[in-house]
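Letters A, B, C and D mark the chains as written, and numbering starts fresh at 1 in each.
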Amino acid sequence: MDYSKNEMMAIATGREFKDGELAIFGVGLSMLAGFFAQRNHAPNLIAFTEGGVYGSTPVGGLPWGIEDNRISANATSFTNAIDALGMLVASGRVDNAVIGAAQIDKYGNVNTTGIWTEGTQPWKVGKYTLPKVRLNGSGGANEIAVGAKKYLIMAAHEKKRFADKVDYISSPGYITGGNAREKYGFPGGGPSAIITNLGILRPDPQTKEFYLDAYFTFSSVEEIIANTGWELKVSPNVKAVPEPTQQELDNLRAVDVTGSLRKK
Amino acid sequence: MDYSKNEMMAIATGREFKDGELAIFGVGLSMLAGFFAQRNHAPNLIAFTEGGVYGSTPVGGLPWGIEDNRISANATSFTNAIDALGMLVASGRVDNAVIGAAQIDKYGNVNTTGIWTEGTQPWKVGKYTLPKVRLNGSGGANEIAVGAKKYLIMAAHEKKRFADKVDYISSPGYITGGNAREKYGFPGGGPSAIITNLGILRPDPQTKEFYLDAYFTFSSVEEIIANTGWELKVSPNVKAVPEPTQQELDNLRAVDVTGSLRKK
Amino acid sequence: MRSKLISMEEAVKNYTWDGMTFAHGGALPVGSDCIAFFREMVRQGVKDINCISNCNTQGSNLLAGAGLMKRMEVGFSGLEVYGFANGLKRAVESGKTILEDYSNGAIPLRLLGGALGWPFVPTFMNTGGDQQWCSADDPESYPNTKKIPEITDPFTGKKMGAFKSIVPDVAAIHVTMADIYGNAIMLGTEWSRFELSRAAKKVVLQADYIVDTDCMRQFPNLVRIPDLCVDAVVYWPMGVWPACSTGVYDSDEEHMFMMNSMLKTEEGTKEYIEKFVNSYKTPEDFQNVIGAEKVKALTNTATAFLMDPYRKWIKTEQEIKQLMERR
Amino acid sequence: MRSKLISMEEAVKNYTWDGMTFAHGGALPVGSDCIAFFREMVRQGVKDINCISNCNTQGSNLLAGAGLMKRMEVGFSGLEVYGFANGLKRAVESGKTILEDYSNGAIPLRLLGGALGWPFVPTFMNTGGDQQWCSADDPESYPNTKKIPEITDPFTGKKMGAFKSIVPDVAAIHVTMADIYGNAIMLGTEWSRFELSRAAKKVVLQADYIVDTDCMRQFPNLVRIPDLCVDAVVYWPMGVWPACSTGVYDSDEEHMFMMNSMLKTEEGTKEYIEKFVNSYKTPEDFQNVIGAEKVKALTNTATAFLMDPYRKWIKTEQEIKQLMERR
């Protein structure tokens, strides 16, 4: 295999972006996947960052943050957070986005706030307790979760991350499943896929429970089930994700100048 | 008398501005009164216009509007209406302001929206009817009325303008008097004076009904009562307003370059 | 990204229709509104417009005077020191145009609500007075309780008002400079153009100058309207005439008064449309309608220095013609 | 108008106090926050700070690591690609700092509400999840119903959430350029600095450059923070170090990592404060602490061209000294 699992994950994520979509990119993997898509098959993909940085592409390496000079050097417009996160994202205008997850559950709820000792989670003990490990909080992912027409969740596929129920919902997916989102009147549609380093999960149209839709050729249905913390349903039509084409790899590596994804 | 009634009105209005106050100026008489005060006794009076035009003074004559190039030629900052009218005025930050009135009543409620045929006013017939004469609406005066810590009302003193009850409240003063404003939670304090071309009216601390506080030397208590449409109460200490000093006239005329106030 | 540069005729043909909810900006009586866009709307006879105006301008004054405005929501319906807006005044007094009154602070906040995807915005503005108690849309109820309903602050229990957010079908916005993709720079007060450009479903820009995108990359903090908010860009010099465009030209006092007095009557309005709407096709003709000497006088503005940092990126008439053909 | 230019020492002495509600801006982990102001707060030992942060930065990371932060409301508590904020993480996990979670869109809207004088802002953000259901201030109730209470849209009857508006006692805001009266220009994203400058009761600016007011008159549309919002101006070059200031310097990758690893422990934090807080008095010393070569390397940024239009108005060290003495 002449590509890394992370490269496959980035390419699979990039494939979910369609030409002409309005998208918001975060830093790291998410930005690489987005700029790969723009270069590879979606030249009219319009992207911005949550600081209201418009029309720019990274200069001198992958940005350390969404406001890093590396992403500010060739912008056509700088506005503000209310514009980007409020008027474009939370309002329901953004077509697609990518968020990360420290923990994720079967309804696509994402936790990036903290990890609790088993049994002490607020939803279990009925009060807010201090997390064992404090994480970074939701940042702008919560606005994407409530507002984006659809969005993608990227996460390393590990049993401890893929929990039956997350310790803390930082960015709501389908909450308790079914039409649970409706109660909150969210402008956005919820997560359309969970893309991991092993395969792709998608939500059931009715129950909104995520099932295994496709696996990467270097993985398998068995490996993915073994690395998922809930009883993962498998699509009757479960299939292998097409391997990256040479063109896709060339375009991804042209974007990933530092080769951060190459490490296998 | 070597000054006009309008000059006296402008000077009396200007005297109400204290040094260091944050003020919003409208166009015309209000702007002349404000810039007169700045030049005459309030060098640190900070003024802006409702478009978010900061730090500027008129160039080439009296501006035709608050966004006219005549007031934009030497600004230090241009922002927007939400900033000026929302964040600085309606929020309760502005210390003082001046608004005009087509009609005004004993509680300092101002009408600039329309004149109705007697007996057809909405508040009389219990429904909205078309005005006989459509006026300009409230503009930014409503934000001043609800938000300014205090503000001044300038109007030509005529019986038909000084009504017992205005046809339409465009900018609420003390509404029905007393503590009626409290019900609406207005951040602002309400009108502190009505300054006319004949004298100065101020609100009773309890009832909030405007009474005659002082008259210009070229007018009289009798003339003012005769030109007021409600039974005007007169202060036991009613006094003559000091005539303009030569310095005041010089400063006003330096501001009123076009001599628009000279005409008697 | 593709060029969004189109002609004024196309812009009005493609982005306006009878009965639409149309918003315009600056929407300031004396400054920076898309007056040329209104002229083309009148020429094409788009009618029954539901007009969202922060303030009235000579554009909405003309549209109403021509009998094409069914309804208006506005904060100020005059022309400031230029007086009452006679075309609009006539339409309102005759019942031809239904006018729903707000204030100058209210309309921007209602657009902000639309831009943020909120159904309403909390407010102290326009409460305790007749903007709240009178509704032209619902005239039978006084005091009205539905136009600006009372709400409760969940934290203190105190009462306040709620404005309904506005989401216009289309906004036509005047800007000083735009590139062909729709990145735009405004000089002078933004008034409510920033919020409007995010609240409207479609946005058409009317620009005094077309500049190279390099200008935007040099001054990204000035680009308050980024390309992704914009559907079309129209190049139309002197497009705010007879009002003013900060940094480019002053208001035409003579024409402001003349236009407004002609709009007093139907006949006068017809005559105005003949002389100043149907009398030109291209931006070049338009300059001739204004008159070379007048243009020269008006562009000799004390604010001209505000344009100096950007002049080197201004596209020439020739370059713009080529950009139009290249589409 | 009088000059508002004062020293960093005076600014912290006059505008901060134990237990105050303090807000900072940019408040972006990698860019444009008033880090130098935080260093001075730590030097003067201002404690029990109730910190309003849009995001955590190395400033709040240091303040929390030094045990001076009693409480924080924040949207993102990390350092983006630079990792977890160890000083803050330690303070939160040990219970020393009470952290109330919101999101990056929530804090700006709550400041907007404060700026507009609204008691609350309507929101769909932070509902249907644990920012709404968990409250560090009111831990006993789950799901919490008071932190982000449910409200009803009066026009449709639909339910949504309400954020409490924020009015900080003081905001310290980094800007690229300021004049001595407090007119300020920011290069790069404003993040929530515009709203913050209107929401706070007092505003102190920390500027990379002091420029002549003529610069503001040439670019008034760039002056997003006008003098009337500002109480004090502090000149402090490299004030965002080790994070970046768009147009002026890049983030110091080496120091970002080193600082954050030192903040992991109390001992490391003490050592950091010795070396990088108590080790200088004047802006000049501060440059030496960073190191001439490092400053040279960091200011060699790909964004430097963004400053070019304004360089001719920059005040020299000498001119600034005179301006300080003249007060």
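Convention: a residue touches a chain if its C-beta (ideal position, glycine included) is under 8 Å from a C-beta of that chain, and two chains touch if they have at least 3 such contacts.
These figures come from a predicted structure and were not determined experimentally.
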Third chains touching both chain D and chain B: C
Averaged-CA centre spacing for the pair chain D and chain C, given as whole angstrom: 37
Chain B-chain C separation of Cα centroids, rounded to whole Å: 28
Approximate Å spacing (C-alpha centroids) for the pair chain A, chain B: 57
Sites on chain C at which at least two other chains make contact: 109, 116-117, 124, 158, 160, 187-188, 190, 220-221, 224
Contacts with 2+ other chains: residues of chain B: 78-79, 82, 86, 90, 147, 187
Overall pattern in which the protein chains touch one another (line/ring/star/complete/other): other
All touching chain pairs, where touch follows the definition stated at the start: A-C, A-D, B-C, B-D, C-D
In the complex, chain B residues that touch chain C: 27-28, 50-53, 59-60, 62-70, 72-73, 78-82, 85-86, 89-90, 109, 113, 122-123, 125-143, 145-147, 168-172, 175, 180-181, 183-187
Chain A partner contacts - residues on chain D that touch it in the complex: 26, 28-32, 54-55, 74-82, 84, 88-89, 92-93, 95, 99, 101, 103-106, 108-109, 112, 124-131, 133-136, 138-142, 144, 158-161, 187-195, 244, 246, 250-251, 253, 256, 301-303
Interface residues, chain B side, partner chain D - complex: 22, 44, 46, 48, 54-55, 74-79, 82-83, 86-88, 90-92, 147, 187
Residues on chain C engaged by chain D in the complex (per definition of touch): 109, 116-124, 149-151, 153-156, 158, 160, 162, 164, 185-188, 190, 218-222, 224, 305-306, 308-309
Chain C to chain A touching residues, read off their complex: 1-2, 115-117, 179, 183, 198, 213, 216-217, 220-221, 223-228
